[in-house]
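So, here's a batch of structures to check.
In the two assemblies presented below, subunit A is common to both, partnered first by subunit B and then by subunit C.
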Partner chain A sequence: MNKRKRQNIFIALCLAPATILFLIFMVSPTVDVFRMSFFERGAYSKTENYVGLQNFGVLLKDTRFIVACQNTIFLIVVVTVVTFALALFFAACLTREKVKGNNFFRIVFYIPNILSVVVISGVFSAIYDTKNGLLNSLASVFSGKTVSVLWKSEELVVISVAIALVWQAIGYYMVMYMASMSSIPESLYESAGLDGAGKMVQFFKITIPLIWTNIRTTLTFFIISTINMAFLFVKAMTSGGPNGSSEVVLSFMYSQKDAGLYGYSMAAGVVIFIFSFALSALVNKATKRETLQY
Partner chain B sequence: MLKRILSVIISAILITGLFAGCGEKEPMAPKLKVAALSSGYEETMPGMWQEICDAFTKKTGIETELILEKNLEDVIGASMQGGDYPDVVLLATGREAGLTEQLIKDKNLEELTDVLNMTIPGEKTKVKDKISGGFTESVATNPYADGKTYLMPMFYSPCGLFYNKGLFQEKGWKVPTTWDEMWELAEEAKKENIALFTYPTTGYFDSFFFSLMYAVGGPEFFNKVTNYENSVWETEEGKTFIDIVAKLASYTNKKTPSQANDQDFSKNQLMVMQNEALFMPNGTWVVGEMADAVAADGFEWGMTALPAVEKGGDAYAYTWMEQIWVPKGAENVKDAKTFISYMYSDEAAAIFAKRNAVQPIKNVSNFLNDENKLFYSVYENGAKAAIGNFAAYKSVAGLGNPADYFFAPINSLVSGNITKEQYVNDIVKATDQMRENLLNK
Partner chain C sequence: MNSNKLFKTFVYVSLILLAVSIIVPVAWVFLASIKENKEFYGNPWSLPQGFYFQNFLEAFKKAGMGQYMLNSIIVTVVALILLLIIALPAAYCLARFNFKGRNILNTAFAAGLFVNVNYIVVPIFLMLKDGDSFLKNIFGKGFLLNNLFILALVYASTALPFTIYLLRSYFVALPHEFEEAGYIDGAGYFSTMVKIIFPMARPSIITVILFNFLSFWNEYIVSLTLLSAAGGRKTLPVGLINLMQGQQAKAQYGVMYAGLVLVMLPTLILYILVQKKLTEGMTVGGVKG
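Let's turn to the complex of A and B:
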């Protein structure tokens, strides 16, 4: 056996555990999701009936699923844009400016990220309370009359969930942006300053282009994490209500499983899978730039 | 060479590590696997089910293994999908995860009709002679309506409208006995800035709707609605029913829908205790659930049956009950049945009653405390017992549960986002499909 061959065997053996785990726990269930979406079956029964594409046909006409899709897309767009803007802004403030208590703010922003969703939904239950809630009380103080906005009513519930999602996510992305921002050499800013570039120009012409690779990565994170986190928040905060108005695609999928429609819920899973894959690819393609070096 | 040996050893260790835990289980004496939902009864004073299992083992010599979880569906659901079934399960229908319903739909329950003829361990009576009348005759226990029992009745609780007795005394109001009196009271309360009605979540409408169906048109109307007959909404009774629901929605505290979720439902219950709403549908467990809440001065729980539709008409209170059953696939069916028969013994009833869990047996009043006696006396004070449920139908993609069409839209009715007509139309459209897929056609 020559050296090269031995080396290859060693590499293969080292990679084997991870590959086997990946095949067993990621690839095979995913393939199974696709297979089961063509069947009609309950979660606990062993009998399956092949129904072809029927599950998908019904799915596209199911008003509940359409509402769930609308809510999910709304959340992906709004939460991504707002979190992205705020996280960048705070990261720039904390790295570029000499803010007093720099570390303190860093911790404060990061704390929501380590809280469990159940705790956050408890916190927001208190914030959104109609009678004694933080938001309504503040509004009452400033307006001088009793404000009783129903934050979890049909009209506002998705926005309320979005606020909680943004609050939870900012710290994480802020820390990621701060890490890449602090590696930008100070000299670039100095020379730009000498050339008369203001803070805004520096931010858009130096900071953003130089952390672009990082931003692209986080955009994919945003899409995947919003789809996942929205499910957790909706489960804990609103139970999908009132009357299904805050349902998201994953909570829809989950509830169909509970209704005894395993195949149908897998069909929803397939749609979500393809959707998030396609969206991530699209975003990746659209944000492709030449990597800048410094 | 040494390097090569080392690398092979390391990889071998890593790969064997993968399969660790996949080995066969040690052979053990088969224990009776009892799975029970850890509900409010268990939470208020833990140890109830362990006590039951120990007493059962002492009486019969059958060893038990207890699975007690708040999220029982997630625990046994996963292992059942893997083919590992518990022998006895206490899990009622009507829960969000609907595990019991799914087993009913798939006909995956063991028939328990013969348990009724078994003798209770340690006693001389047969099970069927001990269970109170009416409990083993509805679709709640005989889901296919063919006279065969698949689920046995457990803890029951009268459900009705809960209110603040202190407030009624203070204002000199009378608890309404007809819906007309109810609407008069609503106007009266409006002047005091109190809404007539609230509900914890729309899920609590099951007891309310079933009672109202009986009150409006008796058992006949109830059977028609729960078997999804559409013509029923054209009849006088159907219209009265929808009118009452819609009118009640208009008198509901406007905050209710935004708090009608699993997170905030206790805020809705608190509204009754703090005089923001007069009535809510609920069960006797609410007393323990809200024991630590701050109530208005002079607050005292009161419970009434649903008002009658006309003067002198029948008032109904729904009997909510849990079920115990044996899944097909259980290994120890014989012992499981013995365990279920033991549930109706005096010994078991006494252990349950310590936690306010009340068994549907004839001599149960011997075990009740004073507060519970008051609630359970609702039937002695003239209210009739309403029992039953929506008929089971085969799951159809795109068609939800009856609760999605009957109960959940009430949130939208209260907030004014749908009209009464839309509400009925959606019900009619859905029930057409449900009727076609009935399991006992």
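Let's turn to the complex of A and C:
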């Protein structure tokens, strides 16, 4: 009996700090996002007035928010599709093809993932600079005339952000896929090769089905992390500009907080919260297959 | 056979293209950081004419990057220590003991994996701000915002779900004989945990430290929000944003690129030293902050 009691005290002491901090800094702020979206709160006073769904009503008519939603969805789709395809391709190259310098490529491809988003946005400002940027000067050399594309103009800025996002993410997902691809037994490919299956057929009939569980997990990551990374990149690279044309939902939320419109800001937070969970659940459901074993 | 060769060439070309697109811009920033300011008006592809170390001195002293670096080191180290002290025992208990509420806690921490700190940074800011105005009424001074220690505490707390998840999956797989041996020797719960279990978990602990070091060192949204006082303490990435905006306006590019190098050099060195561990550990954890 005494032993039982001592054990319970030990468990309580071990778990108390983590649980308390988790409640204070994660659970309560999450609940607050939802609660505050129904209130209006002044920038300088603590008083909150209940306004019901008014914040959401205003949000739906706010053109800046609508642009932010469009950009977010565009980035999720484009960045996911491009990164997914490239990461799978490069993972397959490095595991299936006997490439010289295999290790070197893996190490280099992962580098963007360890850099701060602020550093990456600095690197890309050197790439995108209109007058002395690496991209334009390279294009000038190849085309023979002065190229001065405005990479951060209203028309191109979202695509420029998408390129930076893909650049940053490829290595991470590639390493994830490489791990599961390298555990597929070589004999499967050998017998498929004997049956006359080419590389493409092998890739789609053996590799993809066998790493399907891994692909499903990463698709959920793609959604959550693109929403988040798009915010980090936009905030550091463009601050949502020019003219709000590169705003994404989280950066919109943050700018409303800076404007002191806390309730309104949180209404945008609720939208992105629900959106990301719903989309993840949907993708999870749509990609459900019977697990294959080898 | 010919199409096979063609495919192989295609593979190499794509691999080299991607590698170049990563190495060239990063190397360019390193070279740009030692260029004199007038060199930025010519061809961007020209090599630096000399080693203009002045940029680094200016970034370090005048732009305050030295102080920011010290702040970043303090925040990162404190956050890592707090995180390990808090997460290790919690993960151990969640993995090794049966008690009431264990499933609820496990589910709660797992759900926390899906809540990114950037989603909840505004309520955290408001909570600390309200706390400060409350403290001001009593002590005449608030100390929750613009406090490096509180920032470290927020970093550690929001890293708990990922860290507990990773450590727990390691502890679950250990055979129970280890603890029984400890108890037979007369060791209590606490000393068994600290002296027998934790040393065995060293590989997982190193993975946890690596990932969280990178995420704390590189983080900037929470830092920007919680250390908001003008002229107050900043961490390195936030200082870099200010430097980038300031130097671009003043067209002093060399100092800006020196600042970039100062932020990325520590992570690059660490990466080169432990790259194997990092990419291996990732597939165990498999979650990104």
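We take it that the second predicted complex is superposed on the first by the 267 of 294 C-alpha atoms of A that agree within 3 Å, B and C clash if a C-alpha of one lies under 4 Å from a C-alpha of the other, contacts with A are read in each partner's own complex, and residues count from 1 in each chain.
By definition in this document, contacts are C-beta pairs under 8 Å (C-beta built on N, C-alpha and C of every residue); 3 or more make two chains touch, one makes a residue touch a chain.
Small disclaimer: the values here were computed from a predicted structure and weren't measured.
With subunit A as the common reference for superposition, the partners subunit B and subunit C occupy clashing space. Once the two complexes are laid over each other on the shared chain, residue contacts for A:E48 go to neither subunit B nor subunit C.
After superposition on the shared chain, subunit A has more residues touched by C, the comparison being subunit B against subunit C. Once chain A of one complex is fitted onto chain A of the other, the partner contacts of A:P29 are limited to subunit C, with no touch recorded for subunit B.
In the superposition on chain A, A:A236 makes contact with both subunit B and subunit C. In the superposition on chain A, A:L21 contacts both subunit B and subunit C.
Legend: residue contacts after superposition of the two complexes on their common chain; A:F10 is shown touching both subunit B and subunit C.
Shared-chain residue A:K152: touches subunit B; no touch with subunit C.
Once chain A of one complex is fitted onto chain A of the other, the partner contacts of A:I114 are limited to subunit C, with no touch recorded for subunit B. Once the two structures sit on top of each other via chain A, subunit B runs into subunit C at 221-229, and not at any other stretch of 23-31, 113-121, 221-229 or 257-265. Comparing the two complexes, residues 6, 10, 13-14, 17, 21, 121-122, 125, 129, 236 of subunit A contact subunit B in one case and subunit C in the other.
Against subunit A, the residues of subunit B that register as touching in their complex are 4, 7-8, 10-11, 14-15, 17-18, 77, 80-81, 96-99, 101-103, 105-106, 108, 201-202, 254-255, 257-264, 267, 395-398, 400-401, 404, 408-412, 415, 417. Residues 7-8, 11-12, 14-15, 18-19, 21-26, 28-29, 32, 40-41, 43-45, 85-87, 89-90, 92-94, 97, 99, 105, 108-109, 112, 114-116, 118-127, 130, 133, 153-154, 156-158, 160-161, 164, 188-190, 193, 214, 217-221, 237-238, 240-241, 244, 248, 256-257, 259-260, 263-264, 267-268, 270-271, 275, 278-279, 282-283, 286-288 of subunit C touch subunit A in their complex. On subunit A, the positions that touch subunit C within their shared complex are 6-8, 10-11, 13-15, 17-19, 21-22, 24-30, 32-33, 36, 46, 86, 89-90, 93-94, 97, 99, 104-112, 114-119, 121-127, 129, 132-134, 137, 167, 170, 172, 175-176, 179-180, 199, 217, 221, 224-225, 228, 231-232, 235-236, 250, 253-254, 257, 262, 265-266, 269, 272-273, 277, 280. Put simply, subunit A touches subunit B in their complex at residues 6, 10, 13-14, 16-17, 20-21, 40, 42-45, 47, 54-55, 58-59, 61-62, 64, 121-122, 125, 129-131, 148, 150-154, 157, 236-239, 241-244, 256, 258-261, 263-264, 267.
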